[in-house]
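In what follows, structures are represented as structure tokens.
Shared between the two complexes below is chain A, which pairs with chain B and chain C, respectively.
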Partner chain A sequence: MPCREHRLLRLRVKGLAQDNGLKTMTFQALAQIVVSGLLMGLIYALIAAGLSLIFGLMDVVNFAHGEFLMMAMYAMFGLVLALAVDPVLLMPIVAGLMFALGAIVYLGVVRHAMRAKVNAGMVQVFATFGLAIVLRGLAQLFFTPDFRSIPNTWLGGKTLNLGGIFLPWPQLFGGAVSIAAFVGLYLLISRTDFGRALAATREDAGAVALVGIDRNKVFTIGWGLGAGLVGLAGSVMAIFFYIHPDVGGPFALTAYVTVALGGFGSIFGALAAGVIIGLIEAITATILPTEMKSLGIYAAYLAVVFVRPRGLFGNI
Partner chain B sequence: MLIWGTATVLEVQSITTTYQGLIAISDVSIDVKQGEIVVVAGANGAGKSTLLKSISGMERPKSGSVSFEGSRIDGVAGHDITARGIAYVPENRRLFPRLSVRDNLMLGSYLHRKKADRDAPLQQVFELFPRLAERLDQRAETLSGGEQQMLAISRALMTRPKLLMLDEPSQGIMPKLVDEIFRAIVTIRALGLTILLVEQRLIESLEIADRAFILQTGRVVLAGTADEVGANPDIRRAYLGM
Partner chain C sequence: MSTQSIGIAAGLAQANDRFHAARRRQLMTLVVVVLVISVLPLLVKDVYLQNIMVLTLMYTALSQSWNILGGYCGQISLGHAIYFGIGAYTSTLLFTKFGVSPWFGMAAGGGIAALVALVLGYPFFRLKGHYFTIATIVVAEAALVLFLSWPYAGGALGIQLPAAADNWANLQFGRNKLPFIYTALALATITWLVTWKIEDSRWGYWWRAVKDNPEAAESLGVVIFNSKMAAAALSAFFVAVGGSFYAQFVAYIDPDSVLNFHFSLLFALPAVLGGIGTLWGPALGAIILIPLTEFTRSYAGGSGQGIDLIIYGALIMLIALWKPEGLIGFFVRQPKPLPASADEGAHS
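Let's turn to the complex of A and B:
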């Protein structure tokens, strides 16, 4: 991804690699690639988590997931402008707003699409795809297609020098947020009654009424959580990435690959797959010209589709 | 058999329900009184399952009314009907197959958050079906047919219902376990529950039931006490081969 710090790092790594020749690449340069890939991978995993959660819960692919990311970034941008508070402190507000957006999208759009009597699958695809176009259009109308960024943040542009390995603070922070979010998700799913209700609804949404669970409520909260998770990712990305109406597209594409690689509907598969994709991307970007850095991801994806179509951790 | 109470718990008044555009039950009326075991019997396709679905909120009757403890419940959402005290064990059980036995049971008590409200019915369930206690960590799908039926009944009991509706609990189960399940139904009634049982095995059902309704092609063709229905010449000819 063409982020500012990341590109600087890559140039640095490339410089190191070229100075010594690829064969004699130093341990430092290798560690740099691995750690940068790992951190970006954790952010990819966080972006994919919500997509995976919603798909696993109700077999609906949210084609507006990238636009959710974009909305979260603009929400952060707007809040920073309005309140003059650092993005780190505003994250919970953005996540909360995105939770509300997700719930509203389910109640206002997806719920109705699911009621389609004929070809419900296609209706869902077009409903969320249409929503993506609407959200993008609205962003262009209200925010203009200009690229924006949030200047002068606590973390933006700062790097941590760890014995010659340079780690950008925004990505470090993003990795920590991602891990915290997955730990939170794990606790929610494995330790709470609502987590059990989520699991039951995944198993048989038509049967949860037998134990008094309102599946619409579970679906609404599921969409809220899915959007809230991408809201966290967007909050982090707003610190180190340009914000514009089309920013979500490429990230959403990576997220779909992540979900497919991890196994459809497997939230923790998405975590593993996100990290793998981050690493593959970092390695590809070092070896191949920058324009071809996505090649590795899609090659890995194709390999998984051929060898293990259900994904690494899928149980479909 | 003893009729326990006189208060009518469930009153179904001339309901008609369609299934995939066809009339599945037509003008059906039944009533269930406090503490009774009432059996609804009839051949395949007579509309027995549709009747239970119409009560539990899974299907919506086209006309007629369903009242539970004096208030209308037709048109009420399924999860609300469960919350009001009707537990329904459908024909195909609808367990959560890849969740553990424990999770299935705990889901039954989803509406009851107090520990005491979970532990008491759990104790009852283990006394009723001790083998479930040994299989708490197994996935529900790994249980035998009879054990799955026991788990489905147990999950229903965990909702702390007043009325328990069972759809052919003996279906696809080895004979030894069928007896166990029929005995359990009697025990459950003794715990203070009211039971509406749908069965094809009329003879065994009449042995434990207080009253019976016979359905034929979507209509009630006979109703009475278990003894009356058992003594009916047409029934004896059709079910007992006499």
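Let's turn to the complex of A and C:
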């Protein structure tokens, strides 16, 4: 993914690697690869978290996940334009808007798709896929297909020099947001009544009605949370990535692979898998031409599921 | 008891007769449909409309092929673009580099695709549900990346099919769409007939058993793995043939125009919208979906405002939600189950 700072960094890393020859690659260059991979991996994990949450809760793969990311980026773009406030401060608003979008999508589309008595799996795939195309069309209608970016932000384009290792601030911030989101998610699931209702509903969505849990409400909030998480990811990405109607596609694919690699239904599997994928991508990009960097991810996914058909931490 | 078993036998025979009568009716429907479509391009001379006819028939054939593995055997692949690409690239490379006739290239592409399907199927068919589907997406994307950086096959620039004499041997006809319509019609008819034949063959019953209840199928002696492999190879063969046809039709291919994930979805979509795992579903889905896509693209898409996408996406969403069993549900009543007495009698 050709993000601006990332590419510059990679060139720098490649320069370092070539100067010294790959074999005697300095510690610095190696650390640079690992750290940039790690940071990008945390962002991948954050993108995948919502997908994983929704899947674990109700066995539905949201094919509009990439478009949710795109919507979040445009929401940030529009808000910055309208309010002239820095993206960092607007992040909660974007996450809130995305929460609403997720809940509306569940109530308006997914709830009906789940009622299908025949070939429910395909109905869900194509209902959410149709939604993805509609969202892409709406983005084109309101924002045109042009590439946008948010100029002059607090973090955009700035790097932190840590003893010769260059860390772009937007990615550092994104990594921190990702870790915070996973901690929050952990606390939510393990410490709150809603978390227990969530866990119970994913165990047995039919039986929870007997103990007075409103399944529909749990699903609605689950979709809100899933979309809210991708809202956080989109807010961060809007700072350092180009925004356009088709931006979601490649990230969605990475997110599906992340969720499957971690194991469907395991949110923290998605965290581990996201970091692994970020690292593999960073390493592949140094060895192979940049446009082939996703090959490493694909190979890793196939290798893992052939050994462990349920992903790393899958529990279904 | 004996009167009851006679009742069962009579009931079964009756159901059997009904089934074969229905199959004969379907064959006759095919003859009528093919005749109508054959005459249609002679009446409709508009190039734009003829173009849509070619695409509709092509996607009917492709979706019918996808349906063999996805619909009948229940293995949802969203990576069939890899076979489409293999077909397109095999015939095009054989023609441009060695001057081999595209007809031979078509067969070769189909053969290679079937082989690839078997090689991939060996590890893939151990995976279940979403793990399988994502593996198919991933392998098709990997193929896209590889073809983008393979200079011999034109890399990202693609290959322009050199103009040769316009005739059937070269499968090139300049601006004349008519031969393409008939070739696509032949393709759609062949895939339909193969599916029709399968429905009443041993493989057909095995595949549906594997789809509906793999454990029960296995306990009855169906070798699940072999069943899936056979369905995958057959499905891949015909999708690749369609890929070769497409390459001849558009005369220019690049990785994005034949290996894109979008195609994998476009093979599944007509079958799902029309009726997955049914004989007429893919055709019905394609007849509605493809012209609609083309019309919205040309009437609402020119402005680049995305209105075409909104209409197209909303339609997919609505059909999926409104008719989960597919549009075929409007035309065909669900086949009646065997007489209830026969079913109960078997247990007593």
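One rule holds in what follows: the second predicted complex is superposed on the first by the 316 of 316 C-alpha atoms of A that agree within 3 Å, B and C clash if a C-alpha of one lies under 4 Å from a C-alpha of the other, contacts with A are read in each partner's own complex, and residues count from 1 in each chain.
We adopt the following convention: a residue touches a chain if its C-beta (ideal position, glycine included) is under 8 Å from a C-beta of that chain, and two chains touch if they have at least 3 such contacts.
Remember, predicted model here, so these are calculated numbers, not experimental data.
K.L.:
For the combined arrangement obtained by superposing on chain A, do chain B and chain C clash, or do they fit?
P.N.:
Once both complexes are aligned on chain A, chain B and chain C fit side by side.
K.L.:
For the three-chain arrangement built by superposition, which of chain B and chain C touches the greater number of chain A residues?
P.N.:
Larger number of chain A residues touched: C.
K.L.:
In the overlaid three-chain picture, which partner chain does A:311 touch, first (chain B) or second (chain C), both, or neither?
P.N.:
Once the two structures are laid over each other on A, A:311 reaches chain C alone.
K.L.:
Mind working out whether A:262 is in touch with chain B, chain C, both or neither, as first, second, both or neither?
P.N.:
A:262: touches no partner chain.
K.L.:
Once the structures are superposed on A, label A:136 by its partner contacts, choosing first (chain B), second (chain C), both or neither.
P.N.:
After superposing on A, A:136 lies in contact with chain C but is clear of chain B.
K.L.:
Is A:102 contacted by the first partner chain B, the second partner chain C, both or neither?
P.N.:
neither
K.L.:
Which partner does A:228 reach: the first (chain B), the second (chain C), both, or neither?
P.N.:
In the superposition, A:228 touches no partner, neither chain B nor chain C.
K.L.:
For A:289, is the partner it touches chain B (first), chain C (second), both, or none of the two (neither)?
P.N.:
The second partner, chain C, only.
K.L.:
With the two structures laid over each other on chain A, which partner does A:118 touch: chain B (first), chain C (second), both, or neither?
P.N.:
It touches chain C, and chain B stays clear.
K.L.:
Once chain A of both complexes is superposed, is A:204 in touch with chain B (first), chain C (second), both, or neither?
P.N.:
first
K.L.:
In degrees, to the nearest 10, note the angle that opens at the C-alpha centre of chain A toward the centres of chain B and chain C.
P.N.:
Value: 80 degrees, nearest 10.
K.L.:
Quick one: minimum Cα-Cα distance, chain B versus chain C, in the superposed arrangement, integer Å.
P.N.:
Taking the overlay as described at the top, chain B lies 13 Å from chain C at its nearest C-alpha.
K.L.:
Just to be sure I follow: which residues of chain A are touched by chain B in one complex and then by chain C in the other one?
P.N.:
none
K.L.:
Which residues of chain B touch chain A in the complex?
P.N.:
Chain B reaches chain A through residues 56-58, 77-83, 87-90, 94-99, 103, 106-108, 110-111, 113, 155-156, 158-159.
K.L.:
How about chain A: which of its residues touch chain C in the complex?
P.N.:
For chain A paired with chain C, touching residues are 55, 61, 109, 112-113, 116-123, 125-127, 129-141, 144-145, 245, 249, 253, 256-257, 260, 264, 289, 291-292, 294-295, 298-299, 301-302, 305-306, 309-311.
K.L.:
Mind listing the chain C positions that touch chain A in their complex?
P.N.:
Interface residues on chain C, with respect to chain A: 76, 123, 126-131, 134-135, 137-139, 141-142, 145-146, 148-149, 261, 265, 268-269, 272-273, 276-277, 304-318, 320-321, 324-325.
K.L.:
Contact residues on chain A for chain B in the complex?
P.N.:
Against chain B, chain A makes touches at 193, 196-197, 199-200, 203-204, 206-215, 315.
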